[in-house]
Structure formats: structure tokens, C-alpha cells
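Note that the chains take the letters A, B, C, D, E and F in the order they are written out, and that residue 1 is the start of every chain.
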């Protein structure tokens, strides 16, 4: 099984390698995980504006990765930006969104979960992601640690402490399972420590997305093409490729 | 009051003029409506892929239009693509999404509404738009006429007949109000005829969005900046402009 | 465009004039707002009992106002008492309920809103109004200032301070938009100051209802007669007028 | 135990007697049911306008009946018009609304129910009643027999046939329990026959309301005064009686 | 009318008699309540494991009690364990679950209720019971007193104090009605005192279940056999009795 | 990784072997699947009565299997009977319910799914399972093939044809993904053929549960012990083992 992890923004090679190594460490036997990233886009994603900014380049990359024969692609942002579009333009490549995957795993393991996201600016869109997954009835709340994405790893201990502190408050509010709402939190590899300290499941969106991708491919499932139809102009042959869907105004 | 209507894809000048004229005809006394369009993007929007394709250029345009002093901007696609992002990057310019505005107007005028959209490929995202607006409990269903956007105006009579036919079925299914789910349907100017024939309110997303924009500006309301926060890197001064949020991978 | 604002209880002429002046100040160009009030009914509305008490006289007044050719009527109580009945007995006159209109405007501008109502006795019915509008999923909570309606204006500063204090608590609880749940709060003209202080949209139910009425009339929409049917005895001609729907027990 | 059944409109003495006899036949041992009716109001209730028309007189009657020492009052219309107001103005008298009581009994006995109401004009308000009861998730649909209230008893056989016919369609649609949504249907005494024919529970709103009233009084429960607060002007002594809540405009 | 109260676990004869006496004291005129208990099962029920443990023996008992001609059976645990199964295997015997019955009575009397359960271990299943009843929209929260079932009666005063303390907090959180979520709390007979102290309805699940059973039998309703079908092997005659549904693996 | 599949009823050895072989064929590299079954219980499960009948023996078996060091147990019935109890009595053994797992996988792959269950008698409980999973908003409907469990395999072709026929109707009703609601359907191995014919994902509950178990164990997650607490008598040491929770009435 060949899975590709797609970083939807430019990332330095060192961090790309570190994440790739972790993914392969997490992978099941017989599974290879490659990592691919776009050459331009947002430096990190902390707003809907940056989510949308990431999509056009990432779409082209995912479209190409399907042609390279991967079994599944994991979207490298826990806001699931562009997930529905990536599913529209792929058929044999199963595209996994880490947010939706995390919420469903959390709902499978407990009764009510909370999401720990990065900044206040991503709280409303996190609520919408849970609603889109159909799981608002299982959600206690979304809380932000208010540490910018690019600073999460600067002081791992401080980040972990903050996550544990907010996690405890959410348990008191009724949550029995937690979801980390950011891939950079996932690659910080703190979920396991949090599980130890808090005594409940803590979903690492990166590792969980990999497991869900392995499960879907292993069971022979891909996203529904009735749910995510091929764009009509492509489906009917009006345009021949993805690129032709993007046009320029005719010069006068 | 100065309102700008923003076409999120390249459109020929003739059609731009025709739509601009209609908007000014619909406008209240003392309201001027300008029309602006991007120079590149999707030819029409019938998929989530095309929705996302339209956003980066449209965002830059709306950002600039705020600086030009407009009171409100109407997003020219009834899928409301990028609405939350446009609201993040503006403060004094009220951004109105025609989909959300139509659903709320329909909910104000009746008990249960149905949405008539263009193609089967936009049905699932229309359900999600209604859910995002919080109005799933007022929705009967979303139905597609299955006429491509760029062909809606080719045979106005056939389009109207199809809309009336599906509208009647939706009334039988329990709807008491209808929403046209596409701006090109709006500018076809068929809603009034449908109202006559069907005897219920039929929301024209273009005209309604203009009225909602006039109402918000007239009452002194803009979108909540607590709901749509300025992207953190901009808010904290880490970047100086919208353009700097888009970066390229450092060359090795 | 001719709009009439209908006070559903006896009100002194001075206050009627003051409100009428404010409405005309708020009105768009080319819009005239008249104000009409019933001669008997509740002194103010702080209970469902008083809501119902206001309806029979107000219904007769609205029925007559339609015959006088008004384009729209605004119901002068933010509990929307009798709204569905007034819509049943009118066709060309668009009847706007300020509560429903406020909730939909709030939902358009942000993600989650709270309602500030007058007294604890109106809290449960406010929750029901939001549910009736289909917007419970967008509601954070309803809170009462616990100042009787007729005393709201006695100490404007104290009322404003209380509204700001409760508003701040609601923002902390997750609201990003506020709705004033009482017309007398609306005519106190404090929403603008609250917007300044709190930095979020604060819906004034009186001013907003006027804008929504202008928008509906401007777009050519009235309430759905499939949703609000003419009372069957009237529709089938069993009775000739509204008055005949009220009968007395035959004397023995 | 003394229960009073309150007819919220003028009704001829013969029919009042017939209904009173049926109620006493249905009553449990040791329970006496009196019947009271207002002297003026709507002839029958098939619209929200007529619902509201019935409330002021009925409220005064119920207020007085509490003083006469009854244990419970059953509201004699399955639209539950004014129920919340009657509960605001009473404390020791338990007021039972037949609609809410029917929906809860249906939900207790099966998984999903449908409501059979009189005319299309009462369908939307029936959906709102179910929603107000919190039971929309248990509802299949509301269907009208489209026989006017005052004609239901003219051809009992035809009415029963129509009810059975629509009932069968609702069973096919997923309902496993039915609710008759009109008191005149209840006093037609067809529910038992429908149960025989259809093989599922059919809730008679009149008989069920009596049983629910007996149950509440028997268990020592009345409606919550925290949910249905005494109107503030009465509670604080600003007015001395219900009548004083109704005032007239001062003559100039 | 003959009703039987079924204790789903072994209980000492003294307590059985005490409960039987209370039930007959609560019963309406002409109603006899017998009490039956199984000879083996859980000592008390504070987990789903113990709920399930109680079902096989209790099912056999209820199956037999129907044959003895009882009109209704009340399930003696406020977790309603096995309720749907008991309804599948009975037809003329109306089976009442005290949890569902309590929630519906609470919803009838107020707007929003809270449930006071025994231990933290029963909180999640209590939320599920309310959801199963379709009433999550009416629920404020479920709170545990954290006194084991078998110790509730050891210090009645302490239990009452704890219930009142938590009840007050729930009223502050928005509840206007309370439900005791345990039959042993019901037979402690504290609901009446709580009503006095807190001024709102407090549902005693034992007494209320009896009243609901009387009401259903009195109105001629039993649970819907379309909702709770006879197990297919029994219905089609593949097995002749309940016992035959339980089989052993063939010895090799 | 060692996973055990638990059959909650007596099953002949041949079928046990066949299912065990299929499971190992489906398993990922490095995963061993054992199969265990109880010696007595229901022959098949087509009612809630049979669901409950299966639990006590299965609970004892699962309790023992945890002690044997398995990583995960898959419950062998797509009604998930006893799932919460099995999770209460285990900690290191992850217990996977195939129904919940199927619904979440379906929700991950599409927008709206339908469930194909065996008989009409299991339709209502299937709706409740979806609601318990929090996914009612993603469900189109539950439909029964009405072939008894023990006859599904008698004519594989007829069963497949029936599934395809109902599947097509559900697609027309709006579903874009299907779930087989019975383990015997899963082991019939028809999901793959259905996927081919219908062109959408069809979840095989057996194979999917295995993949979900592999994913959870692979990611280091077990069910939340805050959601599924150890029964208090066990947790506090009042009883020493599961068996002691089952007691007999003292002989007089």
C-alpha cells in the first residue's frame, strides 16, 4: 500500500523529512508513506483565508499524485481545506481529511469529545467542521491554546502543559475524549503523553489520518463519487484537463 | 450608499454591463451599484473545485474594493465561495453572501423552503450551505434543474418551464417558499414570473442580496469581527499585507 | 414605499410621536413610515398573557391598514405576538415580525448570537421564538436585564450599562453578535453605542425590522400564502369579514 | 378529584352536554369532570387567527375556575391555543394542553408518530406544536383530512374512512403511532375503531388529555411556575387583578 | 385495573413489601398494584453491565405476567433496561419504562428539565435515554449525586440534602423541572419535599410510572406492535415459545 | 497485533472456521485474527430480545479474552448488542462495535448513507443505533431486505439481487453510500460486487470492523474509560469479580 501525505503549503525540507520519518514509523506493515508539498502557498494556516490560499496548488498536486498511482492521500491540514474539491477530482485515490477522520474516531471511542485548536481565529471554522461531519451532537466544545502554529514546537513542554491544562477543563465540562485540531500538534507527538496524564483517548490527527487511510484502502473503500462528483465540464468533456477549468478574461 | 457586486470569474463585458444595469434598476433610491470582476478564474461555478479556484483572485479584489470606500460587497456566486475569508480580510466593507441571504429571507417569509440549483454536482454543497446557515430544519430539499450555468440563458423559456415544473413538485413536497440557487438564474429575471405562476415567494439571489446589503448598511451593521477574525499574522503585524500571506518555498 | 409601524397596545401620544420620528429618521430615501396604535390592550408586554391580550385589537387594525394600501407593516413588539395570524389575514401587506427579523439578521452577520430580553418571565418564550425561526443552532443564550419595559427609559445610562455588562458575559460565553429582544430597547437607541463599546454587531429590533421591511417590499416579496393561509371560513366565503369569525353563544 | 374541561368558543348546549357525558364516561373512579365554555369567540378553530381570538375570554374563564377549586383544567382545542398564558395565570390548577399531551403519549408508546389534523391551514402550526413539545425527531408528518371542523360529525363514516385511509399511508411512510389533531375528532369517538383497523395506538386527544390530567393531579404535579411565571405586573403587585392588565388609551 | 411492578433484581422481602405498600397508597381508586421480582440478577443497577444482566430473567417474568392477565407492567429500574425487548414479547400487557415516562411528564410540565442520577457511571447512559425519548432539546443536564443505590436510604436526610443542593444548581443552569433518575430515589419518597423546597415539579419515577400506566390502560392504549414487533422466529412459528429462542451449541 | 472476533451466539464449527478464514484473509500484514464464540444464546439476532439474550455469556467471554492479552475484540453482531457493557468491563482490550464503526466510515466517505438491514423487526433499533452514533443527520433511511439471517446465505444470488434493488432505490432517495446492517451479510462477501454494480462505497460491517480495530490498536487508542466506567461495585472493590455482580435472592 502506498500512501502520500500532502503538505498544503511550503515547508522547509528538514521538517518535511522529520514528518515523513514519523509517518513511516507510525505506518502499518507493508505500508509506505511518501510526503509531498506544494512550492507556494500559506506559511501556516490559521484563518479561512489561508485555507483557501492553499487549495489551487494543492489540488494540482493531488491530481498528479493520483496519476502516480498512490492508493490514498492524507491532507496535511486539520482544517480539511479543499477536501471536497480534492475528492471531486480523484477517483481511485482515496483522499482522507484529518479533521473529519479525527472526529469520527473520537465519536467511536467515547460519548462526547472536545477539540483543541491553535488560535481563537480557527474556533468558528472548527465548529463548522464538526457540524459538516454530522457530529455536533457529540461535541462539548472547541478551545484554542492560542499559540501560533509556527511556534507550537518552539517550547514543546509549554505547549504540552497548555494542552493538558485545557484538556482537564474540557473533561470537567463533560468531554471524555479529546481531538488535537492541528497537524503541527500531531507531529509534536504529544498525544500519547496526554493520554497517559489525562487517562482518556487523545486523537493525534496526523497518526489517526494515516490509520484511517490504511483502513479505507485495506477494506477497498474510496470516497463516494456520487457525493463528490467530477466537475461537470470535465465529466462531459467540455474541458480536457483540470488546468482548462481556469480561464482568463478575453482581452478586448 | 455605494455597493459593489463582485463577479468571481472572468465574464464578458456585455454580460457584466447587462447585470450592472439590472442591479441599478433594482437598487433603492440613493444607492449606486458598481460591478467588478476578476480577470482570471473559473468560467462558471458548478463544483467545489471551481468554487475554490475563484477565491484567491476574488479575495485580492475585495480587499482592494474595501480600500476604495465601498459600503458593501455582494459576492457574485450563490455558492458563497470564500465568504468567510472575505469577511476575515475586511472590516468596514459589509460582505454579503447571496446563498445565506436567500435562505434567511426565505425563512422569514414562510415555514419551509426548497432550493433549486443548477446541476446534480452542486446539490450536496447546497445542503451544506443551508446547514452552515443554521436552517436545515426549514429546508424541504435541494433539487437541480440540470442545465449547465452557461446554458441557462440560451433558452430562457425552457429554463423557466423547468424551474416551474420542479417548483410545483417541491410545493407538493411541503415547501411554501423557493430559493433560486444560482446567480445566473437570478439575472435571468424569472423569479417574478415564477411568483405569479406558483403563488408563493421565489427568492432571486441577486436581487435579494442587494436588498440585504442595503438593509445592513442602512442599519449600520457589518459582519462580526469576533466571528470572522483578521488572520493572526496580519492582526499581529507579522505580515504587512494580504500578499505576504502567500509565500514560496525557499530555493535550496 | 409606505410602511406602517403598529403599536400593539395603548401608548401615549408623545411616545408615539417620538418613535415615529425615529423611524422616519432611520428610513431609506423614498420611504414613509406612519405609526398606528390600538386604543386598548396591555400597557406593556412582559408575559405570554399580555402577548395574547394584544392580538385581537391589533389584528383588526392590521386588517384595516392593508385596505389603506400600505406596503408593509412592522409589528411593534419583539415577542412577535400574533405574527402568524396577521399574515393569515393579509396578502399584499407584508407583515414583518421584529424578533424573527432580528434573529435572521444576526445569523447573517456572525456565527452565534445571544438575545438580551427584558425580564426573566420572557426568557422561555424567547427561546421558543428562536426555535420557531429555526435558529436554535445559532443561539448561545437568552439573558434578561430584569428591568421592566416601562422603566427601561427612566435611567438610560443604567439600562445601557446593564446591557453592556450582560453583553460582555455573552461574548465570553461564545456569542459574536447580540440581539436586543424588546422594541423599547430598540427605541432607546442604545444599539449603536453598544456596537462601539463591544466591537460586534448589536441588532436593534426596531431599526432592523424597518430595514427588513424595506428589503422585502423592495424585492417584491410578501409572506407566503401557502405558509399562512387565509382562515378557511373566510377563504370559502362562509363568513364575509374578519369580524364574523367572532361569534356569541346563542341565547337560550 | 375535580377536573374541568374548557371549551374555548361558544358551543351549543346539546353538544356541550354530549361531550361532558363522554368525559365522565372516560373518567377514572372518583374523578368528576365538569365542562365550561366561553360565551363568545370563534365558532371553530381552523387558523391561528381563530386560535388567538379564543384566548382572552378563555383566560378569564380559567382564572375564575382556579378560584373555584378545580384540580386541573383541560384546554378544549388541540392547537393548545393560549396554553402558556393559562399556565402563567394559574398555580394550583394544573392546565393540560391536549396537543402536547398527545404527542408525549404517542412518543411513549412507539418510535415515530404522525398527526392527522383537520385542514391544510392547520398543518404548519401543527408542525410548530410538535417542535414546541421537543418531539420533531419523533414525527413522521402532519396530514390534513380537509374536512372542516364543524362538518366532521356530519358523516361519521366518511370521516372515519378518510382517517383510516390517511392513517394507512402514514404507516407506510414509517409512522407506528397516530395522533388525532382535533378535539372534535376526539369526541367523534373514532380512535378505538381506528386502533382495531390499523393495529397501532391512535391517540384520542380528548380522552388522553383527561388521562394525563388525572395522572398529573394523582401524582401531585402542576406545571412549573419557573417555566410559566406569573406576569410581572401581577407578581409585583403593580396591578391587582388580571383585568387590570388590559388598559385603554387615555382620552386626550 | 391490575398493574404489576417488576423488580429486575433480587430484593429482600421487607423492601419488596414496603415498595408494594407505597405503590398501592399512590394508586388511583380501583387500581391494584402487585409487585413481582426475579430470583437472581444484579443486586442494584449502576452500570450498563448490570442493566443487561437483569434482562433475561426479567423478560421471562414479564412474559409470564402477561399470561396472568395484568393490564400493565412497570419496569422497576429508571434505566429502562430491556424495555424494548419486554414490549416485543408482550401485546396486551402495556409495559411502562419509568425513565421515558418521567422525561415526557417533565417535558409536559415545563420547558427544560435536568435529571438527577445516582453515580457518574450512569450519566452517559442517562443522556442516551433522554435522546432515545427524543427529548434532548428539552434537557439541561444530567447530574449524579454519587451515592451508591444501596446506600441512598441509609441516611435519607443526607440524600435529600444532596438532591436539593444539586437541584438548586440545575435551576440556576436553566432547568425548571427535575427528574429523579433512580427508582430507589423514588421509593425514598423525597420528591414531594423537594417540590416544596425548590418550588418546581420534581418527578418521582416510581409514582409517575404508576400514573402513566394507569393513564395508558385507562385510555385503552398499549405500546405499538409496529414499533416493537414480535421476534420473527416467534411470529412465524419457527419457535414455539420464548425459551426456544435461547439455544446451546451442538456438542461435537 | 492480535484481534479476536467474538460470535455472540452458538454457531456451527464449519461456519466459525469459514468466517475466521475470511477475517484472516482481510487482515493487514502482521495481524492475527482469532475467532471465539459462546456456547449458548440466540441462534441468530433479529430482535432486541435476542440482542439482550446474547449479552451475559458474551460479556463473560470478552472479560476472559482481555485477560488472554488480545489487543482488540470485534463484536460479531451489527446491532452492537452490549457494546457499552463490554467496554465498561475492559480497559486494555479495545472493543469495536461493527454498527457504529460502519456508520462512521460511511459518513467519512460520503454525505448521506442508508442502512440495509435484515428484517422489518430490526428497522427501529437500527435508527436508534445511528442516533446513538450521533449520525442521524447523515442518514437517509434504514430498509430491510426481509430475508431471515439464517437464510441469507441459502441463495446468495437472490440476496445480492435484493440488496442491489433496494440499494438503487436508496440512491434515488439521496444516499451516496450504503451500509450492510448485518454480520451475516458481511460474511456473504457481497459488498464488493455491490460496489461494482452501484458505483458507490458499500460498507461490509465485518471487514470494516476489522479495519477499524486495526486502526485503533495501530494508533494506540482504546475506548474512553471516562465514557465507559468500570461498574462502581467492581471499581470500589465491593465485589471481586464480574461473576459476583450476579447474585441470587436469599432463601427464606
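What we mean here is this: a contact is a pair of C-beta atoms (placed from the backbone, for glycine too) under 8 Å apart; a residue touches a chain by one contact, two chains touch by 3 or more.
Note that the structure is a prediction, hence the values are computed from the model and not measured.
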Most distant chain from chain C by Cα centroid: F
Which listed pair, A-B, A-F or E-F, duplicates the contacts of D-E in over half of its pairs: A-F
Centroid distance [mean C-alpha coordinates] between chain C and chain A, Å: 45
Between chain C and chain B, distance of the C-alpha-averaged centres to the nearest whole Å: 28
Centre-to-centre distance between chain D and chain A (centres being mean Cα positions), rounded to whole Å: 53
Contacts with two or more other chains, residues of chain C listed in rising order: 111, 124, 128, 137, 176, 227-228
Contact footprint of chain B on chain C as seen in their complex: 26, 28-30, 96, 100-101, 104-105, 107-112, 133-135, 137-138, 171, 176-177, 192, 195, 199-201, 203-204, 207-208, 211-212, 214-216, 218-228
Chain B residues touching chain A - in the complex, by the definition given at the top: 9-13, 37-43, 46-53, 55-56, 59, 82, 84-85, 88-89, 119-121, 124-125, 128, 131-132, 148, 227-233, 235, 242, 245-250, 252
